[in-house]
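Next, two complexes with subunit A in common: one pairs it with subunit B, the other with subunit C.
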Partner chain A sequence: MEKQLKIDFEKKLKDFSYSDQEKKFKETNFKEFLKQGFPNRKLENWKFSDLNQIIKSNIGDLTFYNDYKKENQIDKIELINELEHNKIIIVDGKIEKIDFKFEDKDKIEVLVEQGEETIKENINSLINLNNAFSNKFCKIIIKKNYSLNKPLVVYHSTNKNTQSKNTNSRIDFKLEENACLRLIDIFKDNSEKNFLNIYYNFELDKSSILKNYKIDKATNNNVKYSYNNVNQEANSISETFILSSGSKFFKNEINCDLLGHHSSAFVNGIFDLDDENHHEIKSNINHLVENTKSYQLVKSVLEKKSKAVYQGKIFVSSEAQKTDGYQLSNAILLSENSEFNAKPELEIYADDVKCSHGSSSGSLDENSIFYLMSRGLNYKEAKKLLINGFLLDVIEKITDEEIKNLIKNLLGVKE
Partner chain B sequence: MRDKQIEDLKDYKYGFSTDIENFKAPKGLNEDVIKFISNIKKEPKWLLDWRLKAFERLKVLKEPDWQKPKYPKIDYQDLYYYSAPKSFKDKPKSLDELDPKLLETYQKLGIPLNEQKRLNGIAVDAVFDSVSVATTFKETLTKQGIIFCSISEAVQKHPELVKKYLGTVIPLTDHFFATLNSAVFTDGSFVYIPPGVRCPMELSTYFRINASDTGQFERTLIIADKGSYVSYLEGCTAPMRDENQLHAANVELIALDDAEIKYSTVQNWYPGDKDGKGGIYNFVTKRGLCKGKNSKISWTQVETGSAITWKYPSCILKGDNSIGEFYSIAITNNHQKADTGTKMIHLGKNTKSKIISKGISAGFSDMTYRGLVDISPKATNSNNFTQCDSLLMGNKCGAHTVPYIKNKNSDSNIAHEATTSKISEEQLHYCQQRGLNPEEAVGLIVNGFCKEVLQQLPMEFAVEAQKLVGISLEGSVG
Partner chain C sequence: MLKINNLSAKIDNKSILQDFKLEINPGEVHAIMGPNGSGKSTLSNILSGKKGYDVTGEVLFENNDLFSLETEERAHKGIFLAFQYPLEIPGVNTNVFLKTSLNAIKKARGEKELDAIQFLKLVKEKAKELKFDEEKLGRQLNVGFSGGEKKKNEILQMSILNPKLSILDETDSGLDIDALKTVADGVNALRKKNNSFLIITHYQRLLEYIKPDFVHVLMSGKIIKSGGPELALELEKKGYENIN
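And then the complex of A and B:
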């Protein structure tokens, strides 16, 4: 693999004329990735999901070079019809289209850059890989006091003939004071056996609101990794919802730094897994100042040989008095081969805090099924009704009505 | 009156060292030292080979580094691996022959080694540095067929039992400190309860590190044969010394069909002074195997001492319907660090486990609960319940919870909950209003917080543990 990496990286450097600074940035990241390789189970964060192994067994040998000059067809991508929206379309890691047709053009600024050093430290080798191979990464600035009329949908797609490829994409968002953004990520795969690596960086100024909904529903054989880094100033709110379902492997990592007073972070997730799918959510909520709040709720329904992993961490620094942190994960195992692993972690250095977590996993409650069957439902209906109610808890946490309905329809969950 | 008591207890009360001439093995860790230990204990060849095999394995092992409390590198060549009071070279036949100074030490410690002053019939096996001093109550136990002696004695008298069970729960190939212990273990207790016998008294060991620069590597092996029951107590102290001392013990429990073992520890090794200088490194491997059907192993621990505590008493629930329990109180103050918890590995059907952990940190200390619950695909209809609560005093200390939860069986249930909080002003106010001073109020509230675990301790220990909880937190209020 190392040989392939080197060839592809050389090829990539030749494609564009990078400034010395950009070149240096890419090379440092590339060297770091070469040194570390794909994360494996020896790393604490990857204990339950050995990505190196997963790529080997699902994809085999990867190639890393993408021709960014080539125009990709985008008219075949299925768009959401239920909802009017702005859109960004990404194909094979390349941003093909940015369209803010419902918005005031003066209030949104789109910068397309060749690469800029904005990373504070080495997070993991996949971010290095992303930095080394991603193309232009785009920065979107929402101006002060502006709230988008319609949600922004990012379509992550691949070309039909793309195979055994690693694609990298990155978008930075900056929400200025009192701005508001509703962001939906939708995964539309036309190909199989690729490794998608997505990196988002959010800066939330005072009183801004970010709502990010990630929807991975369509069945496919791709391996995906997504990393959200969120920096939050005073009074800002971030809400992340993850529907993790269709891909072969998907790891969502959310890192929230609560840097300003009265900022809050919400992370909610649903695992709805089947077959041999293996998904993970890893959250890191860092309470760094006084009076901050976080809330996490993750529910899983696991069929057949599927496996779900939830690693949630709440960190409270010694300055962060009056922190309120809560975390809950529940899992229903429907098959004797399914597996649920959790590591709900608390790391607390301040005393005047309210932090707790809970985790449970098990089978469907036989008593409830009996109750429903005694009322005339058959086993299948009873099971469905119970799961419906179980998942509805998380969906009700979605604060945006339009999107809540969209997700309900997608999951076939009724009230 | 109480204030005076507290004043007396404020400093580590077990911090005296006894002036007894010690007989030590040469410093360092090598084959010769292992042979020396084996030779002086007149061990059979198989045991020496076993030790050497462990030593071979040790050469390729690395010290683990994933734990939260970091410690300066230990120079294993700069330690004494065997230290015995000199007068011990010819073992005393009865208590009268004991060195009076030793008896005095134990009296200071408050252990009723002397049979006349016995405490309601607890049989004591006291381990002083590396050698087991004397075992009381031998006769009563022998009548029932119970074997309770030092492990060196067991090697001589019951080699078949030792050979059969030693290393079956903690194999030679385990982690660094366990393997180190296998190579150089010096003494410890051995208990065998024959089938159907309910041990009529609590068995107890008292460990004490006296000589400087010594590591204590004791090994305890408890076997409860079919349908038997035993409750075992363990207490630990050490004198005050500036340098850090290493304590790497291995404890193996084996419960056969329908047997039950209850293992209680009150650990009060020297925690170091207020600035974190000195103190014991307590790196202990404790593991119990519920080998037979319907067997039960229950760990109860009160951890108040040691500069660094790093241990996870575990249960392997292999037999169907077996039960594992873990009750723990860990208190850290000043610069103490603790990384402790348990592992419940469910292998058999209908196995149940329960974990109650209470952590209290004050001063500049750091407390971590780290636990694993692993339900394997074959462990149908298994259950686990985990509760871990942490209490923080001040914002210079830390409390962490790192549970690993693995469920691979759809008919099994796992429930886990954890909370972190501080003592509420309201509770404090209420107590003070009724005439308690702030320290007494904190003591009372903390004791209430720990009650669930304290209840699990045998009577004699519970009183001591309750006092210890109060003492450990002295100076952390206000």
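And then the complex of A and C:
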């Protein structure tokens, strides 16, 4: 892999004329990735999902170079038609289209250039990989007091012929004071056996609101990793909802730094897994000042040999008195071979806090099935009704009605 | 309508029903009374298709072999069990459940399914008859319902599904006098020429309001005595120990 990495990185550097600073940034990150490689189970964060092994067994040898000068076709990508939306279309890691047609143009600034990249040091080797190979720097700024009229949908797509490739994409968002963004990530996989590496960086200024809905529903054979870094100033709110279902492997990592008083973070998710799919949600909620709040609820429905992992961490620094942190996960195992791993972590250095966690897993209640069947529903219908009921409270956590309905439709939840 | 011949049932080799015999004709109301552990609930579970019992013997429902039918098929054919302990189903709206259930049965019978408006009209009417708080219909099924409300909900389901044979498994337990009367009114409203009832109970209290045609005493898995409504009164006086 090292040889391929070096060849592809040289090729990449030749494609554009990078400034010395940019070149140094990319090279530093590249060297760091070379040193560390893909994360494996020796790392605590990856002990339930050995990415190195997962890539080996599902993809084999990867290539890392993508021709960003080439224009990709986007007219065949199926768009959501249930709701009006702004869009960004990414194909093989390259942003092909940015369209804010429903918005006031003065209120949104889009920076797409080889700009200065700032980065939190040493998150993990995948961020290094992303920094080394991702295309242009893209930053979207939502101006003070502006709420987008329509959601922004980011389509993550791959070309039909793309195979055994690693694609990297990164978008930075800044929500100025009192701004509001609804962001939906949708995955449109036209090819298989690729590794998609996605990195988002959010700066939430005072009283801004971010709602990010990640929807991985369509069945596909790709391996994905997504990292959200969210820095939150006073009174800001971040709401993340993850529907984790279709991909062969998907790990969603959410890092929220609650830096301002009365800021709050919500991370909710559903694992709806079948076959041998293996998905993970890893959260780090860092309560760093007084009076901050976090809430996490993750529900899993696991068929066949699927495996779900939820590692939820709540960190409370010594300054962060009056913290309110909560996390809960429940799983229904529908087969003897399915697996749910939960690792709740509370690391608390303040003494006046309210933090709790809980986790449960079990099978579908046969008495409830019998009750529903005695009312004329067959086994399949009874099971579906019970599962929908089980998932309903996490779906109800979605605060945007329009998007809640979209997700209900995707899951076939009726009211 | 229902013919039970030599029914024996075991759980984990423990015998619960032995050579049980009973015949219910259209329009009849039968009461089965018996002490705890006599096999009353097992009988209702077996009739509605609960798994986990080893059974021998024969049960015919309108000449269909009941044991060859799945639980939901028995419901389609018109058997209804009002549960002793109705289950709480979180996240499932009561109205949605009732509509799904009614339409599943209608579909299986080849009848036209009800649309949302027709259904709401029907359910409102029935809820009113049973003095069932309509607001509860918008809530999750049985979640946060009191014991009495759960039992009333069973009778509401029964009156909406309009079964041929209704089995009431200790529906009277946990009910206050007012609720008992309402439940009895619900049952009596369904008493027609072709609808039959099997009422399973400890006490004769419910039978003051729903007058049975036949009363059977179940002890240790066997019917030891059958008679008319007067048998219930005799039981109340003498107790199970001294009957015979």
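Just so we're on the same page, the second predicted complex is superposed on the first by the 413 of 415 C-alpha atoms of A that agree within 3 Å, B and C clash if a C-alpha of one lies under 4 Å from a C-alpha of the other, contacts with A are read in each partner's own complex, and residues count from 1 in each chain.
Rule of thumb we're sticking to: a contact is a pair of C-beta atoms (placed from the backbone, for glycine too) under 8 Å apart; a residue touches a chain by one contact, two chains touch by 3 or more.
This is a predicted model, so every value here is computed, not measured.
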Q: Evaluate whether subunit B and subunit C can sit on subunit A together after superposition, giving fit or clash.
A: fit
Q. Is A:380 in contact with subunit B, with subunit C, with both, or with neither (first, second, both, neither)?
A. neither
Q. Where does A:372 make contact in the superposed view: on subunit B (first), on subunit C (second), on both, or on neither?
A. second
Q. Which chain, subunit B or subunit C, is in touch with more residues of subunit A?
A. B
Q.
One more residue to check, A:3. First (subunit B), second (subunit C), both or neither?
A. neither
Q) When the two structures are overlaid on chain A, which partner does A:42 contact: first (subunit B), second (subunit C), both, or neither? A) neither
Q.
With both complexes overlaid on chain A, does A:14 touch subunit B (first), subunit C (second), both or neither?
A. neither
Q) Smallest separation in Å between any Cα of subunit B and any Cα of subunit C in the superposed model? A) 16
Q.
Which residues of subunit A touch subunit B once you look at their complex with the stated criterion?
A. 44, 318-319, 321, 331, 333-363
Q.
Show me the residue ranges of subunit A that touch subunit C in the complex, using the header's touch definition.
A. 365-368, 370-379, 381-382, 385-386, 388-393, 414-415
Q: Enumerate the contact residues on subunit B facing subunit A in the complex.
A: 66, 377, 390, 392-422
Q) Can you name the residues of subunit C that touch subunit A in the complex? A) 48-51, 70-72, 74-76, 80-81, 83, 86-87, 89-93, 96-97, 100-102, 104-105, 108, 140, 157, 161
